[in-house]
Structure formats: structure tokens, C-alpha cells
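Below are two complexes that have subunit A in common, paired first with subunit B and then with subunit C.
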Partner chain A sequence: MTFSWSQAVAWLPVLPLAAAALVPIVAQRNARAAGGFTFVVTLLTAALAVALTIRLVAEGPLTVHLGGWVAPYGIELRFDRLGAWSAPLATFFALVVPFAWRYLEGSVPRERWAAFYALMLLNLGGLIGFSLTVDLFNLFLAMEVVSISSYALVAVAGRGTAAWAALKYLLLGSVSSLLVLFAVALLFALTGSLNLFDVAARLAASEPSPAATLALASLAVAFVVKAALFPLHVWLPDAHAIAPSPVSAVLSGLVVKIGIVGLVRVMQLAGESGIALDVFSELLMLLGAVAIVMGAFLAIFQDDIKLMLAYSTISNIGYIVLGLGLAVPFAVSGALVHVFNHALIKVTLFLAAGSIIHQTGLRTLTDLRGVGRTLPQTCAAMTLGAMAIVGLPPTAGFISKWYIGLGAFSAGRVAYGFALVFGALFVFIYYVRMLNTFYFQRATREEVVAAVEPPWSMRGPVIALAAACLIVGLFGGILLAFITPAVGELLAAMGS
Partner chain B sequence: MRWLGLALVVVAAATLMLGVADLPPHGAPDAPVHTHVGARYLERGVAETGMRNLVTAVLLVYRGFDTFLEVVVIFSALVAVVALPRGRAARPDDGDDRPPAASLTAEGPAQQLVSVSPVVAFVVQLLGPFIAVFALASLYRGHVSPGGGFQSAAIFGALFIAIALVQGRERAALLVPRGARVWLQALGPLSFALIGTVGWILTGAFLGYPADAAAYALREAMVVAVEVGIAVGGAVILAQLFMAMEG
Partner chain C sequence: MEVLDLRPLLAPLVSFACAALVVVARKNVFWRRFWSLCAAVLKLVVVLSMLPGTLAGAVYHTPVITLSPGVSIAFRADAYGLFFALVTSTLWVVTTIYAIGYMERAEQRARFFGFFAVCVSTTVGIAFAENLLTLLIFFELLTVATYPLVVHAETPEALRAGRIYLTYTMAGGAFVLAGSLMTLSAAGTLSFAHAGILGLDAGRATLAVIFMALVIGFGVKAAIMPLHGWLPIAMVAPTPVSALLHAVAVVKAGVFGITRVIYNVFGADLLGELGFASYLGALAACTILVASVMALRQDQLKRRLAYSTISQLAVAVLAASLLTPLAALAAVVHLANQAFAKITMFFGTGAVREMTGKTHASQLAGIGRQMPYTMGAFTVAALSFVGLPLFAGFKTKWYLSLGALHADAWWFLVVMLLSSLLNAAYWFPIIHRAYYGQRVAQPERSGRRQGAGLDVDRDAAGATAASAGGKREAPLVLLVPTLICAAYVILLGTTAAVPGMPTSIALIAVYETFGLAGPVR
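Then we have the complex of A and B:
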């Protein structure tokens, strides 16, 4: 056996997926041990992904042909600058899982812990597989692993309307999955191939066909649903707000991004096959701009802090989609960096909000007045996250939004540039409102006055993430430099 | 609102049908599905994979990673059902960590949900062993002749459900020992991870199978191991999904 780094790419999705099957076995002896086991697996996955990212920067993209069959005859996984998204994915899971150890004690019945941890690993493996594969049918399967685990994670706490929220999520998600499967079938019938780049090359070589356009449109609609772009966002607020907070962090920060990764795949497919996407790009920009404003606007009226964060995700997806639709270097770079930045910020905010809810048992702004004085560290982390999501320099949210804005103005889309500014203004209003409640109002609830900071297994990840919001903001240029070559490639294909 | 929905459905359906109408005619010999990747599988599949059945060659060798993810999807379905709140009031906690849905030893009266005629009960009893043998044959010969792990899992699962309906759940649950359940349900993903690693050691590629004639027995053993994982894992998952339905 000769070790090669490209073979290690195969292990990146396989490790968490195979480990997920072991979780119930570990949990049979001790439910708590399952949490430790899951943490170790996420840590190993993150370490592998980081090692691969270092190889990627040094030597260029790593490709693995599974079973040794070259594309298009076999399945190909690519660890390129887009696939490197797996590294932050695994790292965020490695922070969310220890947070969940103690959080679950109060919110999820003990006999469901094994299922919870297994679902987390399945979700991670699916997300990694989705971002690495360039095989269309494989993409569909990875998406199903992510979707099924996400639906179940929403319902895992099993309280109140969780089952209904999960059902709503499942129904819309299934429509989206069916559209992807339909599109893959169309493309296979047209080209006889499943490898994304082979399909694109064969489409480019054949006569333009309405079926190919329909396939791309189906894929685009399907991924827009997964990304919860306005007006197809209706499943998101309930699902993200009702789920246990570690799950909300994963769903809102990471899982919606499969819609974005999917849209990038559609852009690659369209670019390489020479199918014009003008109408599609226009639509993306329009819906993105509307989502920015509507998501932020609706967030202002939420009293429940998790619902507020959920609406903010809709707004931020708007930023990313607007950036992709503009299809100019600044905007696309900004959008792809914002995929990472928003993940970081939203995981921070949901975990901080989860800490507050866990320690006080309260979740509305009205009840949480004055909580900043009793939970100073957690609320400081929340404040830092809030500054980042508004996009105040020097935090993580600034540089990506700035680049999307620059892109809008440089493309001559001034109206969209202003939509972006208005969105930021609304976001500013609702976070000022939150900070005002936390710090400058007198506590009205006994629980708030009696609250103490959460245990270190919860506080540690929150503080680390909040610090990252600041540090990433200071060194945002590195992320831009990392993603720029990929953006260049993407836009060059689309321009041809 | 209802008319709007109807209009949307009609427009969407018309669009999808127009798209499908543009595809190459069904079964046309010069359609891309028959001339590109598929043609190469037919031409060289047997020689370059060493498999005697081309379906197995595609399922396990060329696109083995897809099959791995399919097995993971089936496992996810079980975990998802286990994670869901129970439809009825949960049973009092019996003190261990196992999820109630994974527990096959449901107690209490009214286990016999349907009153089964003695004729049906007798036929199930009579045919049970034959069905089991058929499932085994489908498993063992599946990579050569029609059949395979998934089919075998479906037959075993159906047999389990038939026995549970006729003999009651407790009797059926004895077929899948409680302690072994968590191991057996994991066999699908685990067998792929294990055999994939063996393939990596032997061929240098994850999920690779040695293709030369000399490695015939080894290759055969690897394929059967994966098929057993799919069949046993799938059957145990089907059985548990059935038992999770308390209604």
C-alpha cells in the first residue's frame, strides 16, 4: 500500500459516515460516551481536512478516483478550493458537538442521544460528500444523507411543534430532491454521463437542447429551495428556531449552504456547457436583493431570539445569492467568503443564544431583559457575533459584504448596492434592539437575575467562535486570496 | 388560492413534459446512454472488473461509492425514525439508554394487531423456511445472477414482517437478538468501509477490487462480504422500522 494524499480525500466523507454507524454501539454501554466518540470523530475529520487544505495550497487540487476508475467511468471527488469548504465544516462540528454534551441534558430525552449524535455525523459526512463530489448522481445521494439527517434533527427534541416544523421542512425538501433527481436523469439521458465536467463538455459539443436548459433550471430551483432563498424560505424559520440550539447552529450556518454549493455547481455546469444563464442570474440578483431586505425586515419584529436569528439567515443567504448572480469577480469572491463568514457568525450566535436559553430557560427578548449583567461572557460573545453579522469592521462580516457591495456598484447595479445598504441598516436596528435589551434594561424575570454562566464545555466553544469572528475579520484578506483563483476559473468558464 | 395552485401544477407539469419530449427516443440504439459510458461498461466491464455480472460490476465496482451512500441513506432512515418523538405516549423509561424505537421487545397486550386466519398463519409457517432459503440464495448468488444484497434484504425483511404479524412481535423479535441489533444494523456502512480499506491496501484505490484472474477467490470473498453487509444490515433495519410502528 502506498499512501497518497489524494486517496485520503476519500476518507473525508467516509470517516464520519462509517463512524455514525458505530454511534449506537458506543451508546449502548453509555449514552454519554457517544458524545465523546462523536467529538473525537469530528476532530479527526477536521484534522484530515486541514491537512488536505495545506496540501492543496502547496500542490494544487487533489482528486480521487474511487475504486481507481477515472471519470467519467467512475466517481470522482475533488478537493479543490471550493471543496476545501469541508475543513471549516468539520471544524464547526467539532465545536458544536462538545457544546451539545451538556445542552442535550435539558432538552433531548436521554434515549435519543445516540440518534442525535449519529445524525450529526451523518449530516457532516453528507455535507462533506456534497462539497467534494463532481458526480451528479453522487451529489444527489450526498444531498439525501444531509436532508434526511436534517429533518430528523429538527424533530429530535420532540417538543411542541417540532414535528410539524420537521414535516414542513421534509415536504419542501422532498420537492427539491425530486427536482434534482429529475434533472440528473435528464442530463444522463442527454449525455450518457454523470460526471459534471464530462456532462458539460458533451452538452457543449451537442446541439442546444431545451431539455438541457430545463435540467439546469430544475437544479437551480431545487438548490434555491435548499438555500431558503426568498420566497422559497417558508420552511426555514420554524425549523431553525424550534430545533435544539446546536442543531439550529448546524442547520442555519452550514446546511443551507448546500443550496449555495449547488448553485455554484449549476454555474460551473452552465459555464462549461455554454448554456446562457442571463435570465437566471437576473432572477438570482432580484430575489437575493429582496431576501436581504425582507429577511432583515421580518427579523426586526421577532421577539424570540432564535426566530430572529433564523430570519437573519434568510437575509444573509440573500447577500450570497446576490453576489453569485452579479457574476463579477468582486461580488463572487465576496459571496464565497460570506459562505464561510456567515457560517462562523451564525454558529457563534446560535450557540450563544443557546447558552442563554439553557441557563435561563427563557427565549424572548421581553423576558431576557438585563441578561447581559448576569451572563457577561456569553452576552459579550453574542455582541461580537451581532457586530459581525451587521458587518461592522473589523469583524468577520465586514469584508465579504463590502466586496459584494463593491461588486454591485462596479457592475453598475446601483439599486442592488442600495438594497444591500438598506439590509445592513435593518440588521443594525434589530441588533441594537437586542443589545439594548440585554444591557440597558432592568431584569424583570427571576430566572435572569439568578442565571450563572454555562459550564465550560458550552462556554469554551462560544468564546472560541466569538474570538474567531474578530480574528477572521482582521485577516479577511487571506480568505479572499484563497478563494480568488477558484472565482477566476468559474467566471472564465461562464464568460466563454 | 386553490386555482392558483392548480394553475401552478399545470404549468409546471407542462414544462417538465416538454423537457422530457426533447429527450432521445426511448430505447434508441444511438442514444447517448447507450454509446458513451454504458457502452464502455458493456465492452470492457467483464475483462477489467473481473465480475461475471455487469450489474454487480456497475453497482459495486465502477460506482461502489454511490452504493455506499445508498446504504448510508437506509441507515439514516432508521436513525431518523428512532430520533422522532413517539406517536403515542412514550413507555416509561426502562432504565437503559437504548432508544425505545430500536427496542423490539414491546410488551403489553394487543400485540396481535390483526386477527390472522389459521390458514394464513399455517402458510407463513410452512413457507417461511423456503422464503429464507430464497433470500439466502439471492444473497449468495446475487453478484452472479439476478438478485443481490438489496433484494435479499427486502425478502428477509418481508419475511420478518410476515412472522411478526402471524406470531406476534415478541416471537419475531427473538429472530434478531437484542444485543446484536446495534451491530447488525451498522453492517451496511461498516462492510463498505472495511472492504473499501482492504481494496485500498490491495489496489491502492479506496473501494478498489483486484481485477486479475489470480485474485478470483479474494475478489469473490470481498464482493460477498459487501453483499452480506447490505443484506443483513438492510434486513435488520427493515425489521426495526416495522417494529417502530407502534400503531
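Then we have the complex of A and C:
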């Protein structure tokens, strides 16, 4: 059998999914080996995705029809500039999994390790599938794989309120899933097709119908819930804070982005089928701006460092949604770059916070006074991450803020521009408190004084990610150049 | 002529490297001092090495990273930038020596000297920024890097001061960001140009918003009233920090930013047509007078210095907003004049506190007999602020007055006269009391150095009562930097026409900006 690039695209989601089934077998002999196995799988997936991305830049997008059935009947996977999101996805997993090796020892019972690693791989497979498929039913399927594995991952630590947080997450998640299923069914009934671009073409050819608008609206609402856009965010903070830190990193950095990728798909669908999005865009901008301020505002009152990070995700989703809603080149590019940047920063922050919690056993600011002196490297990484999330130059967060803001001002939306620029200041209030407690206050707990830096399997990923926050900030132009053609197509389709 | 050269990038990098080495050296006192001093001297050498070229009309520039067309991180050492860089790097050398002496017994010295170096680095980055984005990046870095210095004492008071400082300056940074973004979308570029980059076609309302955003943003750091609230509070920082950062680096970065906005983003012609600068000038004039009156009412020396700084900074802003070549020259030279005089005062105040524990103006009776050299330097600085000829401050007043007359704004002469009188009113009593005042016999709080032999604990030292009679001059490590700065004040005041001296660079900066070929009118 000879190698072909199209096969590689098909393998990308299949590899982690298939490996997930093998994890329990590996774990039967040795629970630790399951961790190693999972790491190798994520690394392979990442290598494959990166190779595909390099090929993409050189030769252009790649379309695969699974089983040889051509669209609109077969299932179509597309590795284009949006699908290239799977490369960072897999890379982040390859950094989170080694972090989890030692972290699990303190927080998850040994007999559940196999389940943890299997769920992580399922989650990765689902996320990659979601970003590659242009088949609406498969979109739904991938979303369900991601959602169900996420619920289980939240509950995996199995302590106290974890089950309750997972249930809350599940309830709102199911509403969102039902809405997607409803919309997909409606679109299928209207057009007799499931391929996104085929559906769009058929909608464009037929008379405009309220049913199509309804279908698009329910898709949009479903994805907005998934993205935890304020005020539909209520499920997020508890779920993200209670889960074990590697899970928090994945949920907060990567899984919420399903909602964003979904929104981009809705924009594509609407654009290609000629349904006007003006009202929808206005709403996205407004909600985005409100989310930026409210997410940051709510974060101020948290004492638990992981809850604070969870609320800041809500604020950052606000940036992205505002950028998408503005629908001008700079803003949409900035928003899509921020999908990546926020993932990078949030994974950094959650893993750093996880290290601190793992090494001290404490998680509130009040208890963690003076921890910067005993865990200098971890806290330095956390500081860098905090600067990036606030959007201080020259870190990764600044690049996205700069371009979304530029989009807002060049579109003449001065008020949104100011909301964006000043919303981040609220976030900063909290992070200053955090830095003060870490560095400028004396330790009050013995655990803090006695703490030592975590093992290298945890420290390595954290330091690498923190360094990336800075490097991406300096070379953010590359990301922007990468995503701009896709944005051009999207906006051209939307006719704005 | 533009010359591609690495030195504009090298100058900020030297002190970044120094910061890294200081952190590596950590507990090793010798290497920490060695790297601090070494970097300070090296940076001065790098900046000085550009001086001959700049005097000959060369402009060194270093592109670093292009983010997207028209937006890049790049450095460019024009005459104005070089002037500012020269002032900060000269002062960094003396302040480093002073700080080594002053911080001898303080805690967390590695952190202190590390962030100190980062601050100087960012200041030079601001000086050499080729465009608004680069300026903004270093402006924000400066905010972040000064924070650990402000809260250095880690007391609740220091933390509160730090919070207020950050609130003001981060909000300022956000305004600069918003202003830069609007400039970019209106002009399509961010690179500073001598004629400005914005045009009337952007619309008067848009230009007004941009001007306000940028001036408010930089105005926070320049402490223009009513944006000055953070400066007196931030005086809780150790004296070398107050000296270098709150008299030179941070506040001057604000003034520098405002001048860049006025001359290189808007351009004198456009602003003259729009008339926004006159509002700024009026605000600055008010600040000069109000801050001087406030300074009169302060007894604590560092607070009086802080209000005096606010008033002096407004002089530079006022000069810049007059839009005439001579006034612009005043704005440029004032950067140096005020910096050297104010730092002399801070050093003197710090030395007095160090030796005697006295921090208030009313306690200084007889101190001039006790510490004659320190107070001598202090007197030189005070005379400069009042604006006596032969002292640096006179030149600012002279050029500014001429510039104001060219701009047909005679009322600024009245402001300058009042300001001189007020300066005399709050500095001369201190000097009079220091030399002629009789010390009241009362148990005094002793300085750190007196108590040091008895107990190591800094807090306990305050409780030790010791008589402070006779001559007790500050140690050389504190005294020499003070005297050097005082000497500079006189040097700046007497060598205006000497080629190669700072004033000549300032002249070149003004020629460049106004596109003049010959000497300023």
C-alpha cells in the first residue's frame, strides 16, 4: 500500500479514536504504560497534522471522500486552512498528556487512569473530526464525541462536586446538541443533502424560506452555548475549575473552540447560501463586547485560581466572537488567530496553576501567598501567561487584541474598539492580585514554604508553553499570514 | 541620511542582558554589582558611539520584525531619540552607583537591580522606537517593569501605591493602544515622520479622538493634571527608584511620547491648523501653577519633589504644544535640564534620610552645616529650578519665553515668571533653614546608617535615638553621584553654544523636525 496524502487526512481523526479503544488493553498490564502509549499516539497525530499543514501551505487544500463515495453522498473531509487547526490541537494534547502522568498520581484514583487516557484520545479524535468534516451529520457526531468525553473527563476525578459540575455541563450541552440535531434534520429535509457546501448551494438555488433561517439560527445558538458566550456561560466555570488541571486546560483552551469553529461553519453556510447575516453579526458584536467586560468582571471576585482562569475564558471568547461579528478582514483574522493564541495561553495558565496546586495542595490566592519564591520557574511561567492573557505587548495575546481592535476601528466601530481595549483592564485587576500574592506577600502556609518545583515531565511542558506565549507574540505575523486567505474566502462568500 | 545599524537595538538589549545576568548572579554580591555597572557603562558607550554620526546628520535604524505591511517593530535613532537615550543612559550610570550604596542592606536586591535594568532598557527602547507600535510595546513593558520597584518594600502601603500606579498607567497604556489603532486605520502607517503621518482628510472629529486618546495615554505617565494622582503616591518606592524612574525614565517617557505625537504623528502644521495643541498648552500651564502651589504645601520632601516634578514636566509639555521651533528646543533641552536637577535633589534627599532619618522639610534645620556637599548640590539644583542664569533651568525658560513670543502667546511668559517665583518659594526656605536654621533640641529619629552598627533590623533602627551633631557627610558612594549630577546642571547651563554638547543634538532634533536648514531663529 503506497502512502497518499488523502489517506493521511483520513487517518488524522481515526488514529486517536482507534487508539482510544486500545488504551484499556495497554492499561491492563500497567496503568503507567497507558500514559506512555497515549503520549506516543498524540505525538504521531501531531506530527501527521503538522506535515499536512506544511503540505497545505505548499500545495493547497486537500479533500478526501471517505470510502470513495463522492459528495454529496459520501462523507467529505477537508484539510484546508481552517482544518489546519487540528495541528495545534494535537500538539497541545502532546504537551498536556505528559503533564498528566505525574499529575494524576495526586488527583485521580489509579483504576481510572485507563479511562482518563482513553477519554483524552476520544476527545482529541472528536476535536480533529469536528474541524475537518464538512458533512453536517458528522459535524454533529464529532461534537457528541467531544461533549460526552468532556463530561466524563470532568467527572473523572470523582470528588465531591465533580459529578454535579459534570451534570450541569451535560444538561446545557445536551440542549446544544439537540439544537444541532434539529437544525441538521431541518436542513436535510429542506435540501436532501448533508454536505455543507452542497446544502448551501441548494439553499441558494431555492426560494428563501424561514425554515432555513430557523435552522441556521438554531445552529448558531447551539454553537454559542458550546462556546460559553455570556450569558450562556453558566455551565463553564464550575466544570472547568473542578476538573483535574490537564482536563481544565483541554476544556478551556480547546473544547470551547468547537463553538467558534461551529460559528465559522454557520457563517460559511449562510454566506454560500446567500442568507443575510447582518442582524446576527450585530448580535455577535454586542454579546462579544458584553462578554469581554462581564467575564473579566466576574473573574475579579474569585479566590480560587482555577475559577479565575475559567472566567477569563468567557472574556476571551468575547474577543473572538466580537472579531467574527465585525466581519472585516483584520477583525476576523485576529479572531481566528486568537482561537489559537487563547488556546496556547489558557493551556499554559491551567498547566502552571495545576503545577502549583499539585506541589502545594492549595488552590486559593489567600493560601498561596509567597509561592513565587518557592516555585520561581512555575510562577514565572504563570506570570508570562497572565501578561499574555491581558494582552500586554509583546506577548501572544497582544497580537490578537491588536488586529481585532484594528478591525473595529477601521470598520468605524469605535465603541467596540474601546470596549475591547479597556475590557482587558478588568482582567488585569485580578492578575495583579495574583502576582501580588505570589511575589510580594509573605507565605502564611507551611505547604507553600516547603514546596519544591514539580518534576520535569510537568515543568517541561509549562516552560515550553510559556516561552511559546512570548515567541508567538513576536512572530504573530506568520499566523496572520497563514489564516488571511481563508478569511478572504469566508468574507467574499458573505459578500461584505 | 539613513544608515542601517545594529546599535539602536543593541542599546536596549545591553540592559536586558544585564537584567538576566543579575538574576543569574542572585546571591553573589560582587557579580551582581559588576554586571549592573558593566551594563550601565557599556550602554552609555553604545549610545555615545552614535553621537558623532548623529551630529554629522546620520540617522541609524534597525528593522526587527514586520508584523504586517506598515506595522513593524523597528528602531531608529534620530537626534531627538538619541538625546533622550543619552540623558537616561548617563543617569543610569550614576544612579546605579548610588543604588548600590543605598540598597546595601535592603532585601530582594537581585529583583531590584534586575527590574531596574529592565526599566532603563525599555526607556532606551522608547527613545529609539521607530513607530507607535514599538513605542507602545516598550511603554507597556516600562509599566510592568516599574511595578516591582514601586512595591519593593512589600508593605501594605507600598502595595496600595502599586495598585494605584498600575491602574493609572495601564489605563494610559490602553488609551495609547486605542489611539495607535485609530492612527493606523486613518493613516495606514505608524512610522514617525518629521512632517507627521496624519492628514486633514481623516476628518476633524476622528483626529480629535486620536489626539485625545494619545495625549491622555502618554499624559498619564507625564503626570499632566488631572492625570497626576499616581506620582506622589508612588514616592513610597526606594529613593533611587523615585530618582531615576519618577524624575527621569517613566515620566520623561510620557513627555517624550507626547512630543512624538505632536511633531511626528500629527506634525506641527496639521496641529497648528486644527488648534488642539492650544488646549493642551492651557492644561499644561494650569498644571505648572497648581502643582507648584501643591508643592508649597507639602512638608514631606519626597512629596514636594513629586509635585515639583509634575510642575516641571508640564513646562516641557507646554513648550512642545507651542509649535514654534524655539519652544520645541526648550521642550527638548528641558528633558535633560529637569532630569539632572531633579535627580540631584532626589539623591540629596535620599542621602539626608540615610544619614539622619529626616524626611520632612521642617526637620532640616542645620543640615547644611552637617552635610555641606550634599546640601550644596541640592542648592545648585534648586537654583536651576528657579531659573537663574548659568544653571540648566535658565535655558529652558529662555528658549520657552522666546518661543512663546514667536507664537504670540505672551501670557505664557507670565506663567513662567509665576512658576519661577513659586519655585523660589518652595525651595529657598529649605535651603535657608538648612544653612541658618537652629536645630531644636529634641530626640530625633536616627538614620539607617547610625543604627546599623547596633542592630541589623531596619525597623528597630528607627527607634534608636541618637544625637546628630557635627559634620556627618554622606558616604562617597552616595555623595559622588550627587555631585556629578550637580556638576552636570552647571555644565548644561553654561555650554549651550559649545558644539558636541547635548544642546547641539537638541538643535539638530529641532532642525530635523521643522525642516530648517540653518540655526533656529
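The rule we apply is simple: the second predicted complex is superposed on the first by the 493 of 496 C-alpha atoms of A that agree within 3 Å, B and C clash if a C-alpha of one lies under 4 Å from a C-alpha of the other, contacts with A are read in each partner's own complex, and residues count from 1 in each chain.
The rule is short, and it goes like this: contacts are C-beta pairs under 8 Å (C-beta built on N, C-alpha and C of every residue); 3 or more make two chains touch, one makes a residue touch a chain.
Just so it is clear, the model here is predicted, and its values are computed rather than measured.
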Thinking of the overlay built on chain A, is A:439 touched by subunit B (first), by subunit C (second), by both, or by neither? second
State whether A:392 touches subunit B only (first), subunit C only (second), both chains, or neither. second
Touched partner set for A:14, first subunit B, second subunit C, both or neither: first
According to the stated criteria, A:380 is in contact with first (subunit B), second (subunit C), both, or neither; which is it? neither
Which partner chains sit in contact with A:449 here, subunit B, subunit C, both or neither? Use first/second/both/neither. neither
Who touches more of subunit A, subunit B or subunit C? B
Of the partners subunit B and subunit C, which touch A:418 in the superposed model: first, second, both, neither? second
Both subunit B and subunit C contact which residues of subunit A? none
Taking the complex as given, what residues does subunit B use to touch subunit A? 15-16, 18-20, 22-24, 31-38, 40-41, 61-66, 68-70, 72-73, 75-77, 79-85, 90, 93, 97-100, 102, 182-183, 185-186, 188-190, 192-193, 196, 199-201, 203-209
Which residues of subunit A touch subunit C once you look at their complex with the stated criterion? 387, 392-394, 398-399, 401-402, 405-406, 408-410, 414, 417-418, 421-422, 424-425, 428, 432, 436, 439-442, 474-477, 480-481
Would you mind writing out the residues of subunit C in touch with subunit A in their complex? 65-68, 73, 133, 136-137, 140-141, 144, 148, 151, 154, 159, 162-163, 166, 170-171, 174, 177-178, 181-182, 184-185, 209
Complex interface listing, subunit A residues touching subunit B: 1-2, 4, 7, 10-11, 14, 17-18, 20-22, 24-25, 27-28, 30-31, 64-69, 72-75, 109-116, 118-119, 122, 125-126, 129, 135, 137-138, 141-142, 144-145, 148-149, 151-153, 155-156, 158-159, 162-163, 182, 186, 188-194, 202, 209-211, 214-215
